[in-house]
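After the structure tokens below, expect a handful of questions from me.
Per-chain residue numbering starts at 1, and chain names A, B, C and D are given in the order in which the chains are listed.
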Amino acid sequence: MAGMGGSPSGGRTGHREAGMSDAPSLMRLELVSQPELLAPVRAMLTSLSERLGFDEVETGHLALAVDEALANVIRHGYDGATDGRIWISARVVDEPTRRLQIEIEDQGRQIDPAMIRPRDLDDVRPGGLGVHLMREVTDSCEFERRTPAGMRLVLEKSIPTSRSPGRRDNKAGTPENGTP
Amino acid sequence: MTSGNEMQIDVDRRDDLVVASPVGEIDLARSPSLRSRLGELLGEKPPRLIIDLSKVPYMDSSGVATLVEALQVSRSKNSTLVLAGMQDRVRSVFEIARLDTVFTIVADTATAIRDGS
Amino acid sequence: MAGMGGSPSGGRTGHREAGMSDAPSLMRLELVSQPELLAPVRAMLTSLSERLGFDEVETGHLALAVDEALANVIRHGYDGATDGRIWISARVVDEPTRRLQIEIEDQGRQIDPAMIRPRDLDDVRPGGLGVHLMREVTDSCEFERRTPAGMRLVLEKSIPTSRSPGRRDNKAGTPENGTP
Amino acid sequence: MTSGNEMQIDVDRRDDLVVASPVGEIDLARSPSLRSRLGELLGEKPPRLIIDLSKVPYMDSSGVATLVEALQVSRSKNSTLVLAGMQDRVRSVFEIARLDTVFTIVADTATAIRDGS
């Protein structure tokens, strides 16, 4: 299964950019820039991060960060056009610390990453909160220009190490653990 | 693909107040629908508009922006806007956006009605 | 946004096979053959089909059909290896009737589609139920060999026309519809 | 990626019966864990094993196969296996597989305990 030649999304593994880990993706999603698809993507990432051991709050934060990122691609990258393409990939990176890495790529408008920044929150007005929320709920949030077009955003969130959801309620010494 | 874009909003009109209860997740797909319904309701210049968020398990910044705009419109119309019944996950978004002190936020609709805040 | 050249999954639109509609995909997912990813995929498809207007039972059936199909790819196509690739795409087809079409592709073992059939249910034994379930809960379920490797399965389920989830509880004549 | 593969199963031992309550969706990732826990429990040769499915919102054919195997093992050990509290969506899978008459299926655990079926 090493070669990706002839696969429907051939060439995927040829795209390792600066900042991205070499770990293979668990999943890679291509979608059109329709706001209706944000809910399915959140549902998928919520389930994935629950399985990875994130708790409810962290899972909600991860879904929020990706939702905000995709909403920005749809609104700013593609100016609301619904036929743009967006790629989302998820991988688990173990070094230096275990974390979930989500990469979001588009082919839309490019912008200097330094220009993508949260606004002053004291100025209460509608909008301008997405980047602030993304930064607050992730451990890392890095934009860069893609070649030849569009933007790439890499979001990272540390995976809690100690929890194991499967055994959560089974304490040592209770009958259900004492089975021979 | 459009059928899921319209926000279900239950509306209850009482003497001097309107209770609007959106049902479901509020994101970029649905906030335009929320925005236009809230605009309609505020157009009626109710003395108080209570937005019951108890059936909203998720809200992103497009939903928050819609509520900020509704707050501004309500002020221009001398309506009082109150957010009631916010779930923890939604409240955390308001806190991160530092809007939890900008809005009047109460525990539930009953409190909002009783207090006449 | 017409050309897909240079996109991370370049060449996608070049793959229109017999039986597949020309309608563009809403989403296309590439995943590794790990059973842990079945839950995230179900969550995504559940959310997508709710948004499309399927009711709870139909939504559950759709998720079940795709789950069974993926489980078979993992177990039979890849013999349980977790580094195989699987592609799932979802599109809405309008002609002749509006339906959701899910395509599942792999690069694993090939088998004569005529050999993939439900077993006699009267013989009660563990296993051998997946294909039967898939057929029962979908409107169409067609296997074919892919070129050069692996299998393709196309599942279809009709989209109910009359329901509109957004207005479900708002009846004409009630106050909330009488707003000027 | 392994942390979510283990099925949480709460076990309650009473006089002549064991109640096993799996919690969560049962699919290809989790049915091996379910299979080994049920094998352990049946190894104790309980007169009755009640599997409480009230906290299982989803089951695919790998879960069904695991339960069919457990039924066969239970018979070889003269244990009585009862499925209790099945949610509608899970029941529909058993019906489509025409296994709803092969298993003893009761409304809830209390019924299973009382009836001594």
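Just so it is clear, contacts are C-beta pairs under 8 Å (C-beta built on N, C-alpha and C of every residue); 3 or more make two chains touch, one makes a residue touch a chain.
As the structure is a computational prediction, the values presented were derived from the model and not from experiment.
The chains that touch both chain C and chain D are A.
Where touching is counted per the definition, the chains common to chain A and chain B are C.
Rounded to whole angstrom, the centroid-to-centroid distance between chain B and chain C, based on C-alpha atoms, equals 36 Å. One inter-chain figure worth recording: chain B and chain D are separated by 44 Å, centre to centre, where each centre is the mean of the chain's CA atoms. Remark: chain A and chain C have CA centroids separated by 23 Å (rounded to whole angstrom). The set of chain C residues that touch two or more partner chains comprises 26, 34, 36, 39, 42, 51.
The set of chain B residues touching two or more other chains comprises 1, 4-5. Viewed as a contact network, the protein chains fit none of the simple shapes, being neither a path, a ring, a star nor fully connected. In summary, the structure contains touching chain pairs A-B, A-C, A-D, B-C, C-D. Interface of chain C with chain A (complex): residues 1, 4, 6-12, 15, 24-32, 34, 36-37, 39-48, 51, 78, 81, 83-85, 87, 105, 107, 148-149. Interface residues of chain B, counted against chain C in their complex, comprise 1, 3-11, 13, 23, 33, 40-41, 43-44.
Taken together, the chain A residues at the contact with chain B in this complex read 34-36, 38-39, 42, 57, 60, 63-64, 67-68, 71, 74-75, 121-122, 124-127, 129-130, 132-133, 136-137. The residues of chain A lying in touch with chain D in their complex are 26, 50-53, 92, 163-170, 175-176, 179-180.
In the complex of the two chains, the chain B residues touching chain A come out as 1-2, 4-5, 25, 27-29, 58, 60-62, 64-66, 68-69, 72, 89, 92-93, 96-99, 102.
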